[in-house]
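Two complexes, one shared chain (chain A), two partners (chain B, chain C).
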Partner chain A sequence: MQNSIQSRNPDRTTAKKPNKFVDFLLVLMMILPFAGCIALKVLFGNPGKGINVTGAQIYFTVKMPLQDMYITEGTAVSAAVVIALFALVLLLTRGLRRDPDTKRQLVAEFIVEKCDAFVEDNMGRGFLGFSPFVAAVMALSAFSSLSSLLGLYPPTSDISIVAGWAVVSFSLITFYKLRGGAWNYFRGFFEPIPLFAPMNVISELSTPVSMAFRHYGNVLSGYVVSTLVAAGLSSVSAALLRMLPGAIASFPLLRIGIPAVLSIYFDVFSGIMQAFIFAVLTILNVKNGFPEEEYERRMRKKQARRLEREGKKRPEREKNAA
Partner chain B sequence: MEVQTLDVISVNVWSILISLCNLLILYFIFKKLLFGRVKKIMSERKQAVQTVYDDATRAREEAENDRELYKSRLNQADNEADRILEDARIRARARENEIIEDAKRRASDTMRRADESIELDRRRAVNELKNEISGLSIDIAEKVIEKEIDPDDHRRLIDGFIDSIRDGEK
Partner chain C sequence: MTALAIGIIIGCCALGAGIAMIAGIGPGIGEGYAVGKACEAIGRQPEAKGAVTSTMIMGCAIAETTGIYALVIAILLIFVAPGRFVDILTKAVRQIP
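Let's look at the complex of A and B:
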């Protein structure tokens, strides 16, 4: 197929072919961070002590003002996700051509087009600049949650990490609200009556908090339930196989297969779902918070003022020219 | 070695900051490297497609114009041909009339000449006859009278006679 395309476009044959070695390096760049995380986990590993629901392991502690900075497993995994996504993006966008002849370009274009269509459907054409952000949030969140499939600690079950994203989301919402004018934004808190001001402030602040808690809670609960079920199943299988002699009695038979089904729900489905919900909530909040009429009114006023200023300037210029 | 872990619910400002930075970094990576590049390529492709479409439209317009031109030229040629034919027909008809007129004139000329020559012949014959008769009657009269008469007087006499005969014929 490549040949036929190249024969149709003879000028393409001169274009440089993607270097396979670089592709290999990029794939390695996607895999190695996770391998490194697994290695770290093993190095610092805590030997199985039964059921133990805790937060992420702390690898290093850095003394910082305000609070100690912890380099945890979650931090490491989220860094790994960012690096892997960086490599993935580089891999997908290598050797882009006007007439696509590689699958990776089709995938890249598919992602971009779908994101743009999604943002456009939900927010309108004016917000198309949001689509890279939406893609970034979705990819980061989904891959962070999915990293639990590798046996790593999913960073999304650490509230601090999800809270970071929620802060970005909240900043965007507030930024777009402020586009209708600071006074307008401020006045919004005293509606419908000034008495509602505390509640309005709380509801404003509750948006990022609820977003963070929703995401974190879903992933963490999946992790907790999975752990509990796994532990429970091993004791059930121990009870079932008690009669059998020797080592077979302690063989966790029921732990084969059943946790995998749960994992499909909690790790794969829930992870992707939460990523999607987080992105959707961000864009919907931005869209709903954006005072479109007020913004347009201000823009019109600004433009009128500018025209007026130019109109004033023009006679002066003409005078100078004369 | 003692394994330290975070609490299940623990908020850490630095973690928040790190994760915030991660998201922003990933956003810029996506924006510059994925969306920027892909959109550039896509707009280039759109441009190329647009160029092809424009070319096609222009070519079709040109063809349409040419067609109009040829059509009008063809019409013009048709009209020209019609005009030439009409001219030829008119000229032919004129020529035809001319020829017929000519033929008629000639025929009438010939007729007239023929009539004239017949008349001439007749007159000549009459004269000859008159001479003959007058000569004859003179001879007869000479014989009868046995004397010479003045032929001129005689002739005049006979001519008057013949004329009276001719008058009688009429």
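Let's look at the complex of A and C:
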């Protein structure tokens, strides 16, 4: 990050002022997707049925050869979150300078520094390239969970979306395990004794399943509990206001504000916590699965072979080590 | 007769959800134990409070997983399973001449 800032910005004291109109467009790009999601919800929603716990609403069904593809509310909100985050990143990184004088650059640098420090603490310097991925996963997950504050269906309470992320992190973990060689990876399944092979396969496959279920279950439980509390409060207020005439009797007075207290825990705390845990589990699994010694041995061997092929003399030190 | 069968299905789904949530005892005990140990550690070494707290929250969230599994099963049993089972039942009833 530091290098890129310096290389892109030579020593200039008078940089061009960032264009205000583009900023406005980017802010619009952050707001419009969510407004569109709310509009879709209003258009396709079925009001008048009271409060009930259902899955995500299916907007469109696309015919596909094997299985119909459903465009649900979760998919729409998740796409909106992606677009809004992209706009946010563009907005924060506009007009970067060597000596920051804008707030947005300070915020961007703060985020990058924190994320780098976090990855370095947990994985070591060698894995610093992971920090953009970790930041992306955390931001996507946290903002997806937080989108329920706008009254939208949080995409993270849909198992298929979180399972997609879990598959991504599982393939990353497997990729880094395979760095030690396919044979080494295969042998790992028969580790203490060959009898343990089924157990090892199950424990390998349980990693993405448990990651997906942990995240989805936490957010979904918040959604269900909030919905049940809201339904209970509306019936309580109906019982209290029964004497009053007309439309006031059916007005859910107690539903104003009180369920928001629950949302501080279930949506804000739990959502951010789960985003953090998803990222931490991904990087810890990658770190633990990466066979460092095996990888270094292979690299040294490969280098030695390449040196031999090039006709150079092998260094004395390596010959001794071998 | 069909009404009775549907009643049995819904009742048993509710019972199953209740029984599944017994799994909530385990994470409760485990997390309480973890928090107690964290308090002990902070009492012994107050300067390590930040590291201990973040590790404890992380561990608690992971220990919570089994409880979350039970919760997911209970939610599925209440909101999804009765409809599916009733569909299967009505299909089976229709096949009987």
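Assume the second predicted complex is superposed on the first by the 282 of 322 C-alpha atoms of A that agree within 3 Å, B and C clash if a C-alpha of one lies under 4 Å from a C-alpha of the other, contacts with A are read in each partner's own complex, and residues count from 1 in each chain.
Keep in mind that, in the parts below, contacts are C-beta pairs under 8 Å (C-beta built on N, C-alpha and C of every residue); 3 or more make two chains touch, one makes a residue touch a chain.
Quick caveat: nothing in here was measured; it's all calculated off a predicted structure.
Visitor: When the two structures are superposed on chain A, do chain B and chain C clash or fit side by side?
Guide: Chain B and chain C fit side by side in the superposed model.
Visitor: Is A:180 in contact with chain B, with chain C, with both, or with neither (first, second, both, neither)?
Guide: Touch status of A:180: no partner.
Visitor: In the superposed arrangement, which partner chain does A:277 touch: chain B (first), chain C (second), both, or neither?
Guide: Touch status of A:277: second partner only.
Visitor: For A:208, is the partner it touches chain B (first), chain C (second), both, or none of the two (neither)?
Guide: Touch partners of A:208: none, neither chain B nor chain C.
Visitor: In degrees, to the nearest 10, note the angle that opens at the C-alpha centre of chain A toward the centres of chain B and chain C.
Guide: The three centres form an angle at chain A of 130 degrees.
Visitor: What is the contact status of A:220 with respect to chain B (first) and chain C (second): first, second, both, or neither?
Guide: both
Visitor: Which one hits more chain A residues, chain B or chain C?
Guide: Per-residue touch count on chain A favours B.
Visitor: What is the minimum C-alpha distance, in Å, between chain B and chain C after the two complexes are superposed on chain A?
Guide: 7
Visitor: Let me check the overlay on chain A: which residues of chain A are in contact with chain B and also with chain C?
Guide: In the superposed arrangement, which is not itself an observed complex, chain A uses residues 53-54, 220 for both chain B and chain C.
Visitor: Within their complex, state which residues of chain A touch chain B.
Guide: So the residues of chain A in touch with chain B come to 44-46, 53-58, 61-62, 64, 66-70, 72, 74-75, 78-79, 82, 85-86, 89-90, 92-93, 96-99, 105, 108-109, 111-112, 115, 131-133, 135-137, 139-140, 155, 158-165, 167-168, 220.
Visitor: Across the complex, what residues on chain C touch chain A?
Guide: The contact residues of chain C facing chain A are 57-58, 61-62, 64-65, 68-69, 71-72, 75, 79.
Visitor: Mind listing the chain B positions that touch chain A in their complex?
Guide: 1, 3-27, 29-31, 33-35, 37-39, 41-42, 44-45, 48
Visitor: Where on chain A is chain C touching in the complex?
Guide: Interface residues on chain A, with respect to chain C: 53-54, 210, 213-214, 216-218, 220-221, 224, 273-274, 277, 280-281.
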